[in-house]
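Below you will find the structure I want to go over with you.
Note that the chains are named A, B, C, D, E, F, G and H in the order they appear, and that numbering of residues resets to 1 at the start of each chain.
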Amino acid sequence: MKRDPFNETGCLKPEHGEAGQALQGNTFADLGFAKVDLSREQRNGYPEVIYGEGKTAEQIIGIIQAMRKQTVNILCTRLSSDKFETIKKATPDAVYYKTARCALVNRAEVKQTQSYIAIVTAGTSDVPIAEEAAVTAEAYGNRVARVYDVGVAGIHRLFARLDVIRGAKVVICIAGMEGALASVVGGLIDKPLIAVPTSVGYGTNLKGVTALLTMLNSCASGITVVNIDNGFGAAYSASMINHL
Amino acid sequence: MKRDPFNETGCLKPEHGEAGQALQGNTFADLGFAKVDLSREQRNGYPEVIYGEGKTAEQIIGIIQAMRKQTVNILCTRLSSDKFETIKKATPDAVYYKTARCALVNRAEVKQTQSYIAIVTAGTSDVPIAEEAAVTAEAYGNRVARVYDVGVAGIHRLFARLDVIRGAKVVICIAGMEGALASVVGGLIDKPLIAVPTSVGYGTNLKGVTALLTMLNSCASGITVVNIDNGFGAAYSASMINHL
Amino acid sequence: MKRDPFNETGCLKPEHGEAGQALQGNTFADLGFAKVDLSREQRNGYPEVIYGEGKTAEQIIGIIQAMRKQTVNILCTRLSSDKFETIKKATPDAVYYKTARCALVNRAEVKQTQSYIAIVTAGTSDVPIAEEAAVTAEAYGNRVARVYDVGVAGIHRLFARLDVIRGAKVVICIAGMEGALASVVGGLIDKPLIAVPTSVGYGTNLKGVTALLTMLNSCASGITVVNIDNGFGAAYSASMINHL
Amino acid sequence: MKRDPFNETGCLKPEHGEAGQALQGNTFADLGFAKVDLSREQRNGYPEVIYGEGKTAEQIIGIIQAMRKQTVNILCTRLSSDKFETIKKATPDAVYYKTARCALVNRAEVKQTQSYIAIVTAGTSDVPIAEEAAVTAEAYGNRVARVYDVGVAGIHRLFARLDVIRGAKVVICIAGMEGALASVVGGLIDKPLIAVPTSVGYGTNLKGVTALLTMLNSCASGITVVNIDNGFGAAYSASMINHL
Amino acid sequence: MKRDPFNETGCLKPEHGEAGQALQGNTFADLGFAKVDLSREQRNGYPEVIYGEGKTAEQIIGIIQAMRKQTVNILCTRLSSDKFETIKKATPDAVYYKTARCALVNRAEVKQTQSYIAIVTAGTSDVPIAEEAAVTAEAYGNRVARVYDVGVAGIHRLFARLDVIRGAKVVICIAGMEGALASVVGGLIDKPLIAVPTSVGYGTNLKGVTALLTMLNSCASGITVVNIDNGFGAAYSASMINHL
Amino acid sequence: MKRDPFNETGCLKPEHGEAGQALQGNTFADLGFAKVDLSREQRNGYPEVIYGEGKTAEQIIGIIQAMRKQTVNILCTRLSSDKFETIKKATPDAVYYKTARCALVNRAEVKQTQSYIAIVTAGTSDVPIAEEAAVTAEAYGNRVARVYDVGVAGIHRLFARLDVIRGAKVVICIAGMEGALASVVGGLIDKPLIAVPTSVGYGTNLKGVTALLTMLNSCASGITVVNIDNGFGAAYSASMINHL
Amino acid sequence: MKRDPFNETGCLKPEHGEAGQALQGNTFADLGFAKVDLSREQRNGYPEVIYGEGKTAEQIIGIIQAMRKQTVNILCTRLSSDKFETIKKATPDAVYYKTARCALVNRAEVKQTQSYIAIVTAGTSDVPIAEEAAVTAEAYGNRVARVYDVGVAGIHRLFARLDVIRGAKVVICIAGMEGALASVVGGLIDKPLIAVPTSVGYGTNLKGVTALLTMLNSCASGITVVNIDNGFGAAYSASMINHL
Amino acid sequence: MKRDPFNETGCLKPEHGEAGQALQGNTFADLGFAKVDLSREQRNGYPEVIYGEGKTAEQIIGIIQAMRKQTVNILCTRLSSDKFETIKKATPDAVYYKTARCALVNRAEVKQTQSYIAIVTAGTSDVPIAEEAAVTAEAYGNRVARVYDVGVAGIHRLFARLDVIRGAKVVICIAGMEGALASVVGGLIDKPLIAVPTSVGYGTNLKGVTALLTMLNSCASGITVVNIDNGFGAAYSASMINHL
């Protein structure tokens, strides 16, 4: 589908793309308070995802209804169980994942990947973020291997699971406190690693900023980082990679 | 080589890996001031890379000589032209890339990928970081498409090159100042995007922290981030993805 | 009314203004806990506005009563619905705008402008700040065009509304998260743009500081910035410009 | 030219704008290291401005030559006198403003405004930023009234010049240290005020961050803010307003 | 009492003070959880003051009882009305100042000063901190002149009260938001000014840090600063000065 | 001269001051780049002081000449010895204090105080700031007692000089690193203490911010603080107090 | 047990340790949400400690039951009394320390040390952190001397207890606000001092960051620091030292 | 020498120490710019150490001469080779350690410990800080085992040296970048670990703040931390522990 941008001598060919062409056919549903992007899947490979925080249950229901006109799976993240109660009444086919704080309306068959994503956490308190990542990844058709609570304070726990981690096509590493796990895992594998700092910790953890800084400065190569507590974002990128 | 960690019912199989096995055969050369990791390629897929800043020319020469015992390409980043003059005398086969501030000793044939990495910059001042990424990616056998100076202040320049960017297997997006380009590109493609904030800017740019924060908080999904000015790290991860 | 400060050769003429003259006739009502500025309209073009946060309902009622002695419209921002219940009893002609969290006592006819202010938001969660701006602008007699939820993750939504935005005399652009929308809009219009960062986001959004930094460092020119969540301030400045 | 986006009942009319149309006819010159935006004036009202910092003299000369194909004035900011020496040889019609650190190639007649911009500084050390603003504003055809060194430590100096300030159509207020001047001026005028924090100061001035924070939190309304030391940006916005 | 440390030629005389002598006779009451300093008045001129936050009502009662053995006035700051209810039962002679959130047990006659302290606030929301200062200052025998809500947005209010402020022996200036009032007052008086930043504001006010930075960087001389919201500390220092 | 603002019942009398009256007779010399405040002494008790940093030698000479028209002493702080060489030629009666980096032109007799200011430093590296304070204080006619290098690591040195410190009318305490000395001295004296944080230290000293924070949060009462390295400001306030 | 790594000439002997050997025999109990480290005591000298915050009562009970299979004492820190109520039912032999917010299940005899740890606090509000340290230290068999509320504002209280502090083998010094106590104690003793900053304070205390910075920059030597409010960590390290 | 502060029932005995007694016999040499503490060894176990930064060579010579009157070894840290050249002439028995940037005047026999301190670094660039620690530790009579460049990117290098590290009585762990090494080592040993963050790194390393935060938040217990680049401080504390 994509043209090869290099000519036969290995140089970039001149190009004359235009915004109009690039965005042609992109549409949205205008709800007043929201303009639901109906071309996200065509453009980005995945349909729009509803970020539940800061939206009322009524607004979320409105967006779900606008999206139902397409045959796409509808994922809503950062959703409290309270709001879900209200939403459930309007969309009875929605399923809630409590630890992950996500709701999913499954409306399209998604083929599962052969390769898998390993989701690794340093501690027990990081599990909610890991589950947000896992639910997202599975909604996008990825096999997921969960490897939880293998922080470096007891590093033999990590070595005992290293084969699972090394077998993945892409690894998500989730840690709060000082976030050192990402560097250690990064030094032991030959696959892309997406690091997720969590706000788990106290004092100079600074609500996850310390873990974030650790991961950005890792002495191991091959590590990229997402925002604090952003399990969804890590899974989204990992899914893109796992589907390559 | 990797065993599938799932059993026939889709659950993780029990495992009994050990650190010893995991690290068996890993070796290093002890130079006193440095312990050169000779198993990096076996473990991570790429040989150790020399970070030139904070090392003397003599130390770098010592490390290069230790690495020469293996048939690997030797890359040295963040290397001033002054230091390279000294190093050149000891290793005449080294080549220097001035804008990228990298040296390369090519000792092993690397097969070039069919797919390519697009390296996109917002401005002209981001080019040195882009070239560090490009030289690194090419040293690892990747085809690279350079798309420079397409920042959002003149967004038609980006649309004119969008086909090249969309054709890549993975995109590196490099921007200083407010770093908004990453969000815009991320919203237009369906491939993983690695964002590199640069220290280009002044005042509240805070030496790149602003661009970093922008990229971490992007409203577009599928974006992961590396440290400020870390062109090498972005290319390293992109190469891992491009070779999948 | 204002003298031209330049003489016939284009140089500034010498001047001998005095504080006394500058402030002559300025008065205030002293309530003990507050000194209500009764000359704000004469000096600044608009009457004093009551900032509701940190004041009790009783204090606000007192200030409204002091202002009633003049024929000016009375605007109170950052007002909870709880406090308004109490205030409503004392000033039954007050109207409450729930999303905007503002109350207005309309006591003077305001002529509406021909030109209009465009208020643009990146997302749905930015709407409360946008409504604070809209209510303020309309109270000051401006026509307002609301363009909500056109963030760069789905940039075709912005292009679909670009004509409305370009038609305004001044544009207010409101965004949380990474705030990239301001740069993109700024690059597409030839009118002054006032950017409002919002505290919408999480993690390294840092309660709006990230969006603020993005807007201050924009690569597009013609952008000025107000405090985080300061919809009122943006509308106040925009109204000054729209009335020129 | 712009259509009125409101229909006869005062509501926004439906619209079907497209990116292609919005960006139609926008062009650029591709120099490899830079893509010079040749449609900036058509889109934004002003031609592209060259930010001199971080560009070599050779790169600047290249951009100037690309721009010469249009009949526009060429402004280059943040330009050291060293670089200008080199540039001067290639473009002998360029003029250098030393205190402002700007160069200007005057190639198009610009009509001067009747109304004027007042540029006010708190101290003597803020003058270089003020001159960057003044040169920019004058290059765009604005009359400028300079009111320097009227900081609040000797507030009678400000009152002595208040008539000049009040007579302007828009005011630029430039201050370092604690930046209090912006609040005082803002409370005395009825015109838009653009505040420019400068990096003048020491200790907890934090290179201008303190003045920036002061200006963003001003108790006076009608103040918007630009980046630290961004005299150019303030003048660009002020010119847009002054030309309304 | 104090010896003059200079000899007849104006040089410092040699001295042989010892810690033992310096602290001789200093005593305390050991309550286990607290060691009540019974020599504070002898050493510092004022008895120990109880900081109510983070202490239980029972602990405060214990400390009051230990202090009752001396004939000193007992001041307790940062005390919630809830805790005071409990304390009142054990010490019925305690008086509560609601706005100031202070309790006072008057047990010693304090002579009132002839000179007075002016306490000046920028806004209405700063009054609680001002009252903490006023109650403290009055408990220490100072006459106090309250000048509230004279912020620079309506600077004529300040000029109308300037004579009161200039007549004081020492001035306390209390402001939140951008804190510019301190600089303006400082530039108009010839007496020491103690500035108190308050946490009043939002967004980049950063809970008072902005006002603090403003005050530390004031272009006016003669200003010293205390911690955010520290009305007590300002009054304590002002009282020392007022009693000189 | 100052009227007592309280009436016979102890309440504030109504007042009708005006800005004009307040600033009447205030004058300045307009040099273009500077407006020299010629009424500073009348208004603040001390003539304007020249802050040497960020001004050229020529500008400083101009300001000195404007001030010479009055019979006041002229103090210039933050002055490099290089600039002084040039200034010396134009104003041969200027004296340079090398450690303090100040110049003084003595043109008016100043009566020396009987009471004295104690200037206390924690270490040897704090001496330049201490000397800036001492030269300033002496220029304003204060006797000064220097007590240097008595930091808490060897607290017996402090106790040995405690009598000198206690004998002062006001104490300036200067410390870098962690700044603990201010708290210890503050707990031992009954006089106002002005604390000056210095930028002496490394790592998390953060160029003096740590010492500043320490001083603002002191558990000892009676301490007020000035900006980092602001020896001049501390001496200015101390002189005001010492002259009461 | 440990081999002396130096050979007879005082140089390090070559070594061939392996991860396998280093971690041989290390085991854990896999509970799914947690992997309880059963080799912590063998590796680190102390069994794993349960950090109660962010874990449910059910999770804590599960971990306690897994640990019961070993004969070790089980310590749980940061445990609310609410959660303890639930845990108490499942493990009736658990004891709760209210001020310290710790629970302890005593299952192994611990021999008490002859030497002791002194735990020193600056104020009464620091006592909860001090008790967390004391309970931890005593659980590990250390004698503890509590010296509370001896902050530098009344330094004679510290001198009165100095003999107890000097008699300890290691000192823990706990302080909030400005944290100056650590420097003073550090300058008076010849034993290791572990400093614990607490979040006690307000305004620029920044939730303990100020005390932390003070302690890291202490002018006294021999001081090391742990995280804010980390009484457990200080006691853990102190116990290691006290048992040497 | 120290009395046991516990009585026969295990409670603290009442005590009546006094500052005089505590500091009795403490002396210093007053050089004007410095008060050399001659009782540091008696009070703290080690003589005063000269911090070379911010002192002139002349001042350092003066302090050395004052210290020569005692029979103690004189250590000067943070000393440039330039200054040492001057010092060498005045004190020919001084020895300079180039990498460590320390000078030592050996005047007293120091007995060497049997146990040793392990000094571990993550990278080659951390070696200067490690050598400052090593020279300090050796000057105080400690055996030192250097284990350099064993960062977690190649963790087998650490395991290969784990026996040396485990054999030490106390471990100093030095790392820049993300500082993860401290957590890994801390999880593998049963001895106190003192962590030293270094300023090695770039971008969000923030001159060592990232490594510092990592170490303060370590998930491994038994770790205490010193200031950034403070090799001396770590060695001082480690020596105290090693000598117990």
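Here is the rule we use: a contact is a pair of C-beta atoms (placed from the backbone, for glycine too) under 8 Å apart; a residue touches a chain by one contact, two chains touch by 3 or more.
Since the structure is predicted, the reported quantities are computational estimates derived from the model, not experimental observations.
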Angle, in degrees to the nearest 5, of the Cα rotation that carries chain B onto chain H: 90
Chain whose mean Cα position lies farthest from chain A: F
Chain B and chain G, separation of their C-alpha mean positions in angstrom: 41
Centre distance in Å when chain C and chain D are each reduced to the mean of their C-alpha atoms: 22
Rounded Å distance, chain E centre to chain G centre (Cα mean): 37
Length of the line joining the C-alpha centres of chain A and chain E, rounded to whole Å: 53
Chain G: positions in contact with at least two other chains: 18-19, 22-23, 153-156, 159-160, 187-188, 203-205, 209, 212, 216-217, 221, 227
In the complex, chain E residues that touch chain C: 124-125, 127, 148-150, 153-157, 159-160, 200, 202-205
Partner chain B, residues of chain A touching it in the complex: 2-6, 10, 12, 15-19, 22, 43-46, 49, 116, 143, 145-146, 155-156, 159-164, 166-167, 169, 187-192, 194, 212, 216-217, 221-227, 232-234, 236-237, 240-241, 244
Footprint of chain G on chain F - complex, ascending: 122-123, 151-155, 177-180, 183-184, 186-188, 201, 203-206, 209-211, 213-221
Complex contact set, residues of chain G against chain A: 19, 23, 26-28, 32-35, 37, 39-40, 48, 53-55, 59, 199, 207-209, 212, 227-230
